[in-house]
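Two complexes are shown next, each including chain A; its partner changes from chain B in the first to chain C in the second.
Let's turn to the complex of A and B:
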């Protein structure tokens, strides 16, 4: 009972919602990225490495130029470069995409830690650098509204970018030519190819968008969430993103909900002292939720497949339609 | 006539004969592996030269550290032990084409349970005590991997995602047990000490090389025998290479996939136990160990064949020892080896890497064979 009371106390604290919204951001961005990649039929497991490299180079660029926006651009550029590199290895040299992800994570965590020592002489965090943070946005009118004002006002500019990207990416995926191509390549590459869609080029676009989102997440981690880079600061969020994407059925709006779920538990674990439950156990909740979510999702997919097999001919005809529209 | 053909045979019986008779494919694989290693090492060397204060000294440690001191050599052997064990585990799972990435969790909790067994269950029982602790670790690994493997078996839940989640689940459950239940109040993050006889015995006096090495060798041999000398191993590889063919030849594909993962998980748990009992006197891991990811690198280097694991382990351990020595002798961060390993994985697994060379090699080989046939033909005629 006391746990429930404590929980009610936390949930009625407006500051909790501010934490909740900001812990969701570095999960939402890579999740959206993974969702785009999954839509084209590729699993981008390298978000972890991309975030680390982007976070690191963002801080370095910001500290050495004295301009945080240069840092932000550096992080985005790293995302872009990593997206191109992943495409090169996965599409042109035909390395299994999961293994590309594992290699990118190795290189990302290794290179960021290695170069941190080279540039700063620090082994764990770049606290000696003055790298600054991206602006936090105060909302003058809304700030005074209880709860909503406390939660929304003062969030990083990148938090707003992240949440606005949800409708933007929905539009991209479902309302534009590129989005249609991305989905048709993911659904049936041969059909897409046969109507003149370049499979590799489409996959490359999707992987680059995906990795740039990882780059922005890195910038958020080291220039908003914390004001410095620390070793391994992505903390498994790239893997959580894979799980959140799978649970969200690869849609941007679904990704928002699953990211909020993870963000909620992350925020809750920072308040675990008040909860009277060990922080480590609270931290396990999102992972447990994912396992359950995965099973629910898999059962649904199995049911869908069974139905599709039953109306096989009909579904095949529809698939052709989709590919034809993509061209 | 006969003398010239004899001369021809004699000419072919040189030291190069083995190389000559190798299939083009094998030759190309070796070339590709060598190039991948060269690129990885090249990048590492460039990074060292660009960043070290004394590049020559740093490079000498990177290239030759294991031969410089007994302690460094001992460190290399210590590193080889978990590499071989997790390598064997991943070889078995990857042979069945199961991208199970859950070893990290199995290793973490396997090590934890082995430590608890050494503290509370068998602190004073030599030989049998450690053996029991390692078995318990293996059992823990078995049950941890059983969760995602069964979710996949029953509902086709995505194994990559579920195993990654299991890793964090294991870590945080372990941390909770450590900090809330089993912590020595006098320390910040340690359990009580593991019993004096519960650890693994030292194999070579004067070093830290422990008897886990024997177990590692046994496991690698067993994994090879299982995969390449038994009927079940054949089915595992068949499921991995061509699941639909395996299905039509009457194999229970998902059952075999399940069992391969359970074996891998058991070895994973044992690896954690061996590391814990071999190298530590108290449980003190507060992050995942990374040995599970090492297993993936090892399986890639060994092409999923346990036969090549010892070679791959020596190779990786050699340069890791170099990087380790470099980190405290020459101020070069040890994380450099991760870059080296990641780059190697990319090029080793690149199917189209050097594919132009492969075509040329095939043509050259065909040309050579045609000429030989023509020569023999003209001789015969």
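Let's turn to the complex of A and C:
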């Protein structure tokens, strides 16, 4: 009973909603990224590594130039470079894209930790560096509104960017030529190829967009959410993004809802003290939610496979991308 | 001059794996003609057309389009020269609309936006111009096979194609849809389009085409006026020997029922009933055929028989054993052989060798085992014999199955299945995409196995094959048995077509006769 009362207490605390919206951002960005990649028929497993590298190099660039926007641009550039690298390995060298993603994640966690030690002599965080934080936006009029004002005012500029990206990416996917091509390539690459749409080029665009979103998420982590880089600070959000994307059926709007769901558990875990249950238990909540999410994902994939099998000769002609990977 | 409209000269194409698909091939087409290309599987027709559509590039030779020598480095270049291709497997994106599919690659834009209204208008304009009855705003996944094919043709026309390549376009159509297609193709020809028609169906070639080019083993045999050659002339030119169309067979001597399907209902993957209360039996020593337009429940019926799906209601049993209760292995041990329709996914493991594919399912037999190891000697002997027997065109048993042409892959599947079990043989499109000679030998083998007492269930889109082989015949429409013929004597393809399209339907009493014990 006391747990429920504590929960009610947390939910009636206006500050909780501020936390809720800000914990959602570093999940929403990689989730949107994964959604774009899934639409083109590729799984971007590497968000975790991209976020770490972007977060780290963002802090370094910010600290050494004294300009936080240079740090932000460095993070975006890391996303761009990683997107190109993933495309190069997966599309031109034909390495399995899941393996490429795993490699990116291993490199991301290892390289960021190693370079942090090289640059700062510290093994856990870059607190010794004078890196900046991106501006937080105060909303003078709205600030006074209970709950809504508290939740919205003072969020990072990147939080606004993240939420605005939901309609922007919806527009990109469903209303533009690139979006049409991305969806066509994802659904039937042979069809796209046969009318002269370059499958690799389209996939590369989608993977670069996807990875840049991971880069922005990294910038948010180390220059907004926290004012420094710490080892492994992405905390599995890149994997959570995969689950969130799958549950969202790969749509940007759906990604927003599932990201909010995971963000909610993250926010709750930061209030673990007030819940009166062991902190360790509460901090497992986001991961528990991910596990449930992944089970949903697995069931979906199975359904898709079954459909593919039954669709017969036409759709499953000469081993298309997905079937080949499943085999 | 008019032969300069399209000319391929001395085309030689050797694939990376060393297979010479085209050896000094010559081909030319005039403006405003329907020109057939005939040849056995692996003869090099597809390769030739791929070069014309820019998917592959010739090692040697010249391609001349409208008097100008061109290098077709990609489909995009081919399209720019007015060449369009309708593939056997539709190149469509199911969740998009007709207009989006038609304009994919040449999308009209308005600022940043994809201009959906203009895409619809462009599609409608071509529809009106050539008399195609297609709704540009419909989603591809909701269309019939015949309409999807029209969309494919529209895709080429909207790009201004005046040379259209159609790769076995009638394989998936009903007789009525085929007639409609032919009317449209003739109309296109009369407006100055050149149509290259690839087909195995010689009757269609005779009735539709103006000229024919025959290709055999990568060489051109010759180009003829269609009215100067008969069907048997064409098949003789294709295979170098006369192939008898009908497989001769004696009346069936059926015995006890092997397969009993009773009150069967099956749900599709969305949980919607795709088969409603279907009953029939197949007895020893008879071939029972199922006719129907693809997607009318045949796949689900077969899935329930072969253990891939559980019935929502009713029972399926083989020699009295209920299928639902058995594993795939258990079914195989009862003597079930299954030639699946989708050979690439269900039929083969494309990265494994011909030997490994042929032995799959039989690997536990004592003959192929020596202690804990497989007996390679025995495997080699038997598979070599099957390769010869089923006439698989390959470099040897070690060759990867995925490297073979579609027809030869099918031969591998058929060889494995027909040498695996004899009690009940379920064949779904056993000869689809196979050349005349090989199809004929598979049909003969099926008849021979019937005479030896096998029960055979045959699903085929080739109505001639169904009428020839079946002793009894069912027609399914919308998941129900709508017609039953206790004998195929005197049944015509046209008559079947009416039942397949749901225009006619028999009474329940008549269709109930399919269940014989």
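Operating definition for what follows: the second predicted complex is superposed on the first by the 281 of 327 C-alpha atoms of A that agree within 3 Å, B and C clash if a C-alpha of one lies under 4 Å from a C-alpha of the other, contacts with A are read in each partner's own complex, and residues count from 1 in each chain.
Basically, a contact is a pair of C-beta atoms (placed from the backbone, for glycine too) under 8 Å apart; a residue touches a chain by one contact, two chains touch by 3 or more.
What you see is a predicted model, and the numbers here were worked out from it, not measured in a lab.
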Using the touch definition from the top, say if A:109 reaches chain B (first), chain C (second), both or neither. first
First (chain B), second (chain C), both or neither touched by A:181: second
Quick one: is A:237 in contact with chain B, with chain C, with both, or with neither? Answer first, second, both or neither. neither
Let me test your reading of the model: by the given contact rule, A:303 touches which partner, first (chain B), second (chain C), both or neither? second
Touched partner set for A:96, first chain B, second chain C, both or neither: first
Partner, of chain C and chain B, that touches more residues belonging to chain A: B
Regarding the shared-chain residue A:203, is it in contact with chain B (first), chain C (second), both, or neither? neither
Contact residues on chain A for chain B in the complex? 43, 45, 89, 92-96, 98-100, 102-107, 109-114, 116-118, 123, 236, 239, 242-243, 246, 278, 280-281, 283-284, 287-288, 290-291, 294-295, 297-299, 301-302
Sort out for me which residues of chain C touch chain A in the complex. 74-76, 79, 85, 87, 89-96, 100-101, 104-107, 109, 112-114, 155, 172, 268-269, 294, 299, 303, 341-346, 349-350, 402, 429, 432
What residues of chain A sit close enough to touch chain C in their complex? 175-177, 179-181, 183-184, 187-188, 190-197, 303, 306-310, 312-319, 323, 327
Contact footprint of chain A on chain B as seen in their complex: 47, 51, 99, 147-148, 151, 155-158, 160-162, 164-166, 168-169, 172-173, 175-176, 179-180, 293, 296-297, 300, 331-333, 335-343, 345-346, 349-353
